[in-house]
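In what follows, structures are represented as structure tokens.
The same chain A turns up in both complexes below, where it pairs with chain B and then with chain C.
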Partner chain A sequence: MDFLDIVSSMLLLAGVFFGFSGAVGLFRFPDFFTRVHAASVTDSIAAILIIGGLLLQTSFDLNTAKLVFILLFLLVTSPTASHALAKSARHGGLLTLAESSSQDKQESAK
Partner chain B sequence: MHIVKWTVVLSIFWLLLSGYIEPLLLSFGAISVVVVLLVLKRMDKVENEPGHIGTSLRLIRYAPWLIGQIFSSGLHVTKLIWGSPDKVSPALAKISAKDIPPSSRVLYANSITLTPGTLSVDLEEGEVTVHALQESSIAELEEGQMEKKITAIWGENK
Partner chain C sequence: MAEFIDLVLLAMLALTALRIIFLKDLFAVVMLFGIYSFLSALIFVNLDAVDVAFTEASVGAGISTVLMLVTLAMTGRKEKQSTHSTLLPLFVVLVTGAALIYGTLDMPPFGHPDNPVHQHVAPRYIEESPKEVGLPNMVTSVLASYRGFDTLGETVVVFSALIGVLSLLGVRRKKKKDLESGLETHSVLHVVSKIIIPLVILFALYVQFHGDFGPGGGFQAGVIAAAAFILYALVLGLPKAFAVVGPKFLQWMASFGVLLYASVGLYSMYKGGHFLDYNKLAADPIAGQHYGIIIIELGVGITVFAVMLNIFYAFGSQAERSNVQ
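Right, the complex of A and B next:
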């Protein structure tokens, strides 16, 4: 096992950890908007680490170029998808945690 | 002439994705490049500003910094996930993006979303509505480090 293999498996393991954390956060966070934040951990860090680890496993040929393309496209499309989700939730009238709790207080005051 | 630029970029893209140097497959590639260029030419008439391919040198200056930001804020969010997820203090704020050239505002909004902990909800008239997991990240954005970085790299062309 040479040096590149060790670095690559460390990157892959770290990527798996962050991907898993994102999934756990998706369940543990309280509302929709905060859950999108948890998902963005998986989107960004885990994707960079896992593809970075895979890059070191290639023999620097066409597969390397393909992996770089995948990473570039992920880095452009995943925030766009999160943005579209959040924007439609906002325009659909979903309140954030702070807003809905202040509304609850107003209702209980009545 | 941006058609020539696109021809080169698309041809290289095809070659990298296919990897076969055979007459049959190369001719398929040539045909698809020509089809895309025809569509591009027709679309240029509809939309008055032709799609420019920026020099990627700017991206090379920006990407490492952004990846650093992604890691530092991602570690922070991961700590929140495993620590005490109920203690988040979500905040919503409007952040001005007026200093950033209009063509780079999408990049700014996307960079905000890409860094964990902040999420761009809306982009209107040079103002980005940002939802953050913690109020401190809003203050950090208002400080304008990311804004300055983007204006410094992309601001000089307009």
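Right, the complex of A and C next:
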């Protein structure tokens, strides 16, 4: 097992960890915005780490180039998707947890 | 290991299907359908059927999800409560299911090499197609050459889907008043889609013209190109998309694709062969096959692109209109 294999498996394991934590967060977090945050962790860092790990497994040929293209595409699109999701939720009038709890307090104070 | 992956994917597929049946929120159902398509695409990849996986991912998970979402924008996202008794449907389903299972008992053993499916035309395609058609991607030779009639039929089906949608809905031009969809002021989406759309169209052209050598072809390429234009229409609004490719032009394009396909068949008849006999298209039969396949794939791509985009226009303009009122 040479050096590249070790680095690649470390990257893959880290990717799996972040993917898993994103999935846990998606189920356990309390409101929409925190959940989007968790999902975007899976989208961005987990995808980068896993494709990075796979890159080191190739023999630096056409497959490497294809993986780099996929990586670039994901780097551009998945943060945009998370951003668009969160922004359209704002546009639709969804409040964050802190905002809605402070609103509740104001209403109970009245 | 491959069996284990298959098993996990099939289990996830079954779970997704069950969830789709029991959910009442149609928006979530559409999303689950997308997941369902991606899972089946993964199963197809695992079975080495890359072309089918590609189609499933682009058509099933991509364009049909978008079209379903646009439909939901018109109809609303809640399923109607059914007031009928469920006993009779349950009975019908049970009887049909039992009949189907009884029918499978007569099937030849699963995956056996002596099965008719492995003995009929498949060995001929595998052995002769490199000599007769000479394309590296055997799927394209079967789809476009041996099964050219079927593919012409499929293209006509796609075309008639457009006729159906247009005669039911029609594409409504926008009125003077501009809508605020919230997306028009969304600068991040604008910038990113400006980067992405040319790349997507480039990829669609690659899939179109590389379909003879790798996975891909007219169906996938048309859908991918339509997705690029749908992204443009979603981000910048339908009127601006109409300015780029209008619905009337798309109707011409859709019929042009089918006619291009059929005219290859007629031309080969004119040259003295049968309908869609590509061998007659050039002096060298193999070169004739290559010309024929490239042209009919182009016809398929044009038709699929125009039909998908025009169906989106029809649904989208209706949805915008109902939002105004």
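As a convention for this text, the second predicted complex is superposed on the first by the 109 of 110 C-alpha atoms of A that agree within 3 Å, B and C clash if a C-alpha of one lies under 4 Å from a C-alpha of the other, contacts with A are read in each partner's own complex, and residues count from 1 in each chain.
Just so it is clear, a residue touches a chain if its C-beta (ideal position, glycine included) is under 8 Å from a C-beta of that chain, and two chains touch if they have at least 3 such contacts.
If you're wondering where the values come from, they're calculated on a predicted model, not measured in any experiment.
Q: Quick one: classify A:Ala84 as touching chain B (first), chain C (second), both or neither.
A: Touch status of A:Ala84: second partner only.
Q: Of chain B and chain C, which one contacts the greater number of residues in chain A?
A: On the superposition, B touches more of the residues of chain A.
Q: A:Val76 in the overlay: touching chain B, chain C, both, or neither? Say first, second, both or neither.
A: both
Q: Quick check for you: in the superposed arrangement, does A:Arg28 touch first (chain B), second (chain C), both or neither?
A: A:Arg28 contacts chain B only, not chain C.
Q: Return first, second, both or neither, reflecting whether A:Thr96 touches chain B, chain C, both chains, or no partner chain.
A: It touches chain B, and chain C stays clear.
Q: Need the overlap of the two footprints on chain A, from chain B and from chain C, as residue ranges.
A: Touching chain B in the first complex and chain C in the second, residues 76, 80, 83, 87 of chain A appear in both lists.
Q: If we count contacts the way the header does, which residues on chain C are in touch with chain A in the complex?
A: So the residues of chain C in touch with chain A come to 182, 186, 188-189, 192, 195-196, 199.
Q: For chain B, which residues are in contact with chain A within the complex?
A: Going by the criterion above, the answer is residues 16-17, 19, 67, 70-71, 74, 77-78, 80-82, 85-86, 88-92, 109-111, 113-122, 129, 131, 133.
Q: Can you check the complex and tell me which residues of chain A touch chain C?
A: That would be residues 73, 76-77, 80, 83-84, 87-88, 91 of chain A.
Q: State the interface residues of chain A toward chain B in the complex, per the touch definition above.
A: Residues in contact with chain B: 18, 21-22, 24-25, 28-31, 33-34, 36-38, 40-41, 43-45, 48, 62, 65-66, 69, 75-76, 78-80, 82-83, 86-87, 90, 96-99.
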